[in-house]
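In the two complexes that follow, chain A is the common piece, with chain B as its partner first and chain C second.
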Partner chain A sequence: MAPLTSPPSEAARRGGTAAASAGGDAAGLGRGRAAAFVAPALVLIAVFLVFPALWTLYLGTTDYRLTGIAASEPKFVGAHNYGDVLGDGDFHHSLWLTLQFVLGSAVIGQTLLGFAIAWVMRDRKGLVRRVVEALVLLAWILPGSVIAFLWIALLDRDGGTLNALLGTPGTAWLIDHPMACVIVFNVWHGTAFSMMLYGAALGNVPPSHLETARLAGASTLQTLRDAVLPRIRGHVLTSLLLISLWTFNDFTPFLITAGGPDHRSEIMSVYVYRTALGDGRLGFGAAISLVMILINLVIALVYLRALRERGRREPREAVTA
Partner chain B sequence: MAAITISELTKVYPGGVRALDALDLDVADGEFFALLGPSGCGKTTLLRTVAGLEAATSGTVALGGADVTRLPPGRRDVGMVFQDYALFPHMSVLDNIAYPLKIKKRSKADRHARAAEAADYLGLEGLGKRRPGELSGGQQQRVALARALVAEPRIFLLDEPLSNLDARLRLEARTFLKRLQKELAVTTVFVTHDQAEALALADRIAVMDKGRIRQLGTPTEVFRRPANLFVASFIGSTPMNLLPGRVEGDHVVAAGASLPLPDEARALAAGEEIVCGVRPEYLDYGDRPVDGAFAGRVSVVEHLGGSALVTLDVEGEPVHVVVGEGREPAPGDEGWALPRPGRVLLYRDGELVTAPGASEVPEPRMAPTGKENA
Partner chain C sequence: MNPVVREALRRIGLATFVSAVLGFFALPLLWLAFTPFDANPGIAASLPDFTLHNFKILMDNPYALESMRNSVLLAAGTALLVVVCAALAAYALSRVRVPGRDALLYVLLLLSSIITGTAAMVPIFLLAFNLHLIDSRLGVVLVLTGGLLPAAIFLLKDFTDATPTSYEEAARVFGASPLQILRHVVVPVIRPGLATVGVWTVAQVWGDFLMPFLLLRNPDKAPASVIMYTFYTEGGQPDLPLISTFSLLYSLPVVVMYLFVSRRYGFRFHGGIKR
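Right after this comes the complex of A and B.
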């Protein structure tokens, strides 16, 4: 790492003699002192990330519980928990709901809505743009507990704002359509990120490309297909990767529906919470957590691979840009 | 193929910038027409308004007699080449060329045949499978030309067609463009800030400034008889000598030289303040005193290749003279610059003084010589 950060030519050569005395790096610190500088960060990472992860892995192999005999003397049960998790009907149900949640709210909802707003606002300036951006951003930056309260007030059966607006008093949205509510809520909550990312990406599309499409008489969809999407594929993949992971791990829906009614909105993070802390089955919860981490890794790998493939095809094309 | 008729065209951008100011212009069918002017003069706005990429604030644009002012660009039947060519980097050369046909929903076989034909015509044989990034600048420009031509547009618009090419390619592309336009005989309008390009390519030139046309004419007219001081100082790779002077009887006195009053300026009263314009190319340099010549000391000699640009210091005013090869004086020499008969132009209040009553005498159409464009 170190030699890369300094100018490669003369400076590096001059540094060579100094480095020899001080330990072989550009900054002249020496291994010992360099390690000392990094150590505090490494300790923090170890304490708050590595150790809990390993502890979770260990817990997953025990029958550790929050209360009772197993709480004081947890027994080693090997891969038993993992087998249980994979065979558990609740787990399958929760996985299916999480899939709906990620696809519906992140991949489709936030991406499409965010892109649509960015596209419509792309050459708009002044008040309209600032107001729209401010509103969308506001939904993003408000604390989860605050917006959860707002949404409960909006969707409440008696005296809820939505029922008042639609003229449908007594409709219990959170009970009749819990999953749909949670998905719409998350679209509203998270669209800002996609909007900002695509707003920046659209700035990368040369105006002359859009105008070429206009001159040929292309419709909006044709313009997006031929002139815009090929230019912003990298941005799309990055955005999808990030929001898929965030949404997969999102816990805010719990604040609105608490996974209910009857587990009908129990997405993965809520399911872990319920089994580990609600039912007190810490070992079993730890096993689910590990499975979640693995699913996250798979999602990340799929996107990273797609990004890298794109990167491999790109260098030739970069010449024109 | 269509003529372009622009009347009273005005474009005001939000924020109040008036890019086009009640502009009238007729471009004949099959003409190669240049919009020339400094940056910010409105030439690109005019081109884009004709294409439909900018909406006119008022006034009309008609193509082939039909008003298209409110038509979207896709329905105007216009081919345009952008300054950066705007080729899609993810498409092959053939797909790029076939793009307008794809939007028009032609069959794949048909559009590829047409695209291949256009590519061959423009000298792109064998490059059809490549990506634009693998082509040279000149080839990219030809791809953009082919794409603009493949749908057989009624008019053809070029935005700064040569500015993205290096100097050598530019000359080649210029000749190529001119031949292509003559062969296709499609009405073509191009925008340039380079007067040499406009003189070399165009059948007619509109010199623009501040959203208005300052002079409209053939390259010869614009070069030989600039209608006002703006055009006089803008056209010509060696700027025109513009010397303040005064009318005295049947002579004009400027920079210490007494020149015979041109016939067209007979109506000027004695004592009137004028500006005397004469191109460096139309001055003959000599090392002996001559009547009616600017006399001065040579201060700078700049070599232009086949000739040299000599700057004479005439009573504190610099006077530029183009001197032929082998006859260059040395700095410090005494020199005399004699205007050729009929080449002195007089400007009063910034406008060319012409014979009263008689409108502009049409100049014989003559291709500008290489020297004038160099």
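Right after this comes the complex of A and C.
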């Protein structure tokens, strides 16, 4: 690293050559120092982000375990783990639950509720709108451990607020309907993003279009279909993919049901934790990890493609994802 | 249908919907708002018989405040590392034309959104194990930093791109060295960006449960998110006075940070790269 106070002539000289080769280098950084500036970040990303993902490929082919002989000297078992994962009944079950979780809570629940709130609040001002937005946002920003307990308390069998309200004392929601609880919980937790996104998107629909639809006597559904949807279609697709990605990787349900009872709410994120760290089958868990990363990759690539196509259609809005 | 009736029905429908939304979102939060101040805290939300005694129970718990301190350490450590590394990288990438830099940033951002803590928990755990970073706060900080850096660099590069280079050129004319320029000219100019990234990092780490849960063993090192979980899963009856006050205290910084950032910069948390 160059000394902090290098003589001006030297700085100017270095800067001069650097500026000649690289336009815009106003501080005279030069390629060498630029590389040194980027290096710490790249090293951290390479070691703690990229390497684990690549390493999964190898780990998934070993019989690595948390304890015992296979912990110190894992053996190479080839594609064995991958075959086991894909043939595992628990894996299929978990995949099915994850599909319910992502479709039910994110694609349907958060999107419809978020859009509905944004639509109803679009031309409102004042207290009601502020209170609704504040509550929805609170559900989003509060720490996972806290909101998980709030829901445990809400759904408690003996003294829970929900049972008191519905007059159904003794109903064990988390035991009788664990998956439904986790899905409703995640709708509550994640609607804020869709609400804000569609709130912003609806601001781009010209008021004259809505006015025309109203004068033509269109019903709300007709207005939404013909005047609003064509305008926000790009936002719908990209936001669906984004919240699917987040929901797929959400670990918060673990804090509420821990996958139980009897694996009935064991979505993928909880399943990989249970097999790898609960049961100690790290090689097997690594194979699941790879499957999850690949699913993430597919969603992300479709997302980027959708974003690019939207950019082509409406170039000005492409940046405001 | 008679337009008056139709309008009335529409209004009733709207009011019902708004009330239902309010009820749905407020119901779970009521417990958090009331119970910490209730002399007889129960599992159901009810109007409190006001007392501050529960906070004394919180102060007397050996793990409660210690875990807040751990959360602060993890959040501050990660924020510091992320801001410094991201600022250096973003500045260099913004000002010096490196071939393929846009593609690089794009790929890094893509990787950080697909290699999440959840999906990669097995290799991350084994990596920490082999580097002897299990039960080390540094390990948690490093893993979280690796995941947050791409988005932080992206945000800061945007910020730096938008600032004119004329100040830096002027400083250079007066003979300032590149590092002096960076410290005395660039940092003050992009300070709002640095603050935004710092607050964003703190918010991400403050609420994170999985990484400390995975990588820390000793309860003395556990942050608030993990200690909170042990409060209601270990032992038979949950200790409601403790859980309620702890939840409130642990949640407050998040709300304050959110208000600060949205007031100051009109910027809303991009739930983005959550791990």
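Note that in this section the second predicted complex is superposed on the first by the 270 of 321 C-alpha atoms of A that agree within 3 Å, B and C clash if a C-alpha of one lies under 4 Å from a C-alpha of the other, contacts with A are read in each partner's own complex, and residues count from 1 in each chain.
The criterion applied here is as follows: a residue touches a chain if its C-beta (ideal position, glycine included) is under 8 Å from a C-beta of that chain, and two chains touch if they have at least 3 such contacts.
Predicted, not measured: the structure shown is a model, and the values here were computed from it.
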Touched partner set for A:218, first chain B, second chain C, both or neither: first
Partner chain in contact with A:37 - chain B first, chain C second, else both or neither: second
First (chain B), second (chain C), both or neither touched by A:276: second
Chain A: partner with more touched residues, chain B or chain C: C
Touched partner set for A:307, first chain B, second chain C, both or neither: neither
Which superposed partner A:26 touches (first chain B, second chain C, both, neither): second
First (chain B), second (chain C), both or neither touched by A:95: neither
Chain C contact footprint on chain A (complex, rising order): 2, 4-6, 8, 11-12, 15, 18, 22-31, 33-35, 37-38, 40-42, 44-45, 47-53, 55-56, 59, 64, 113, 116-117, 120, 128, 131-132, 135-154, 156, 158-162, 164-165, 188, 193, 196, 245-246, 249-252, 255, 258, 269, 272-273, 276-277, 282, 285-286, 288-289, 292-293, 296-297, 300, 304
In the complex with chain A, residue positions of chain B that touch it: 51-53, 72-75, 78-80, 82-91, 99-100, 103-104, 131-134, 140, 147, 151
Chain B contact footprint on chain A (complex, rising order): 206, 208-209, 211-218, 222, 226-227, 230, 316-321
Of all residues in chain C, those that touch chain A in their complex: 14, 17-18, 21-22, 24-32, 42-45, 81, 84-86, 88-89, 91-93, 95-98, 108, 110-127, 142-143, 145-147, 149-150, 153, 165-166, 168-169, 171-172, 175-182, 185-186, 203, 206-207, 209-210, 214, 224-226, 228-229, 232-233, 238, 243, 247, 250-251, 254-255, 258, 268-269, 271, 274
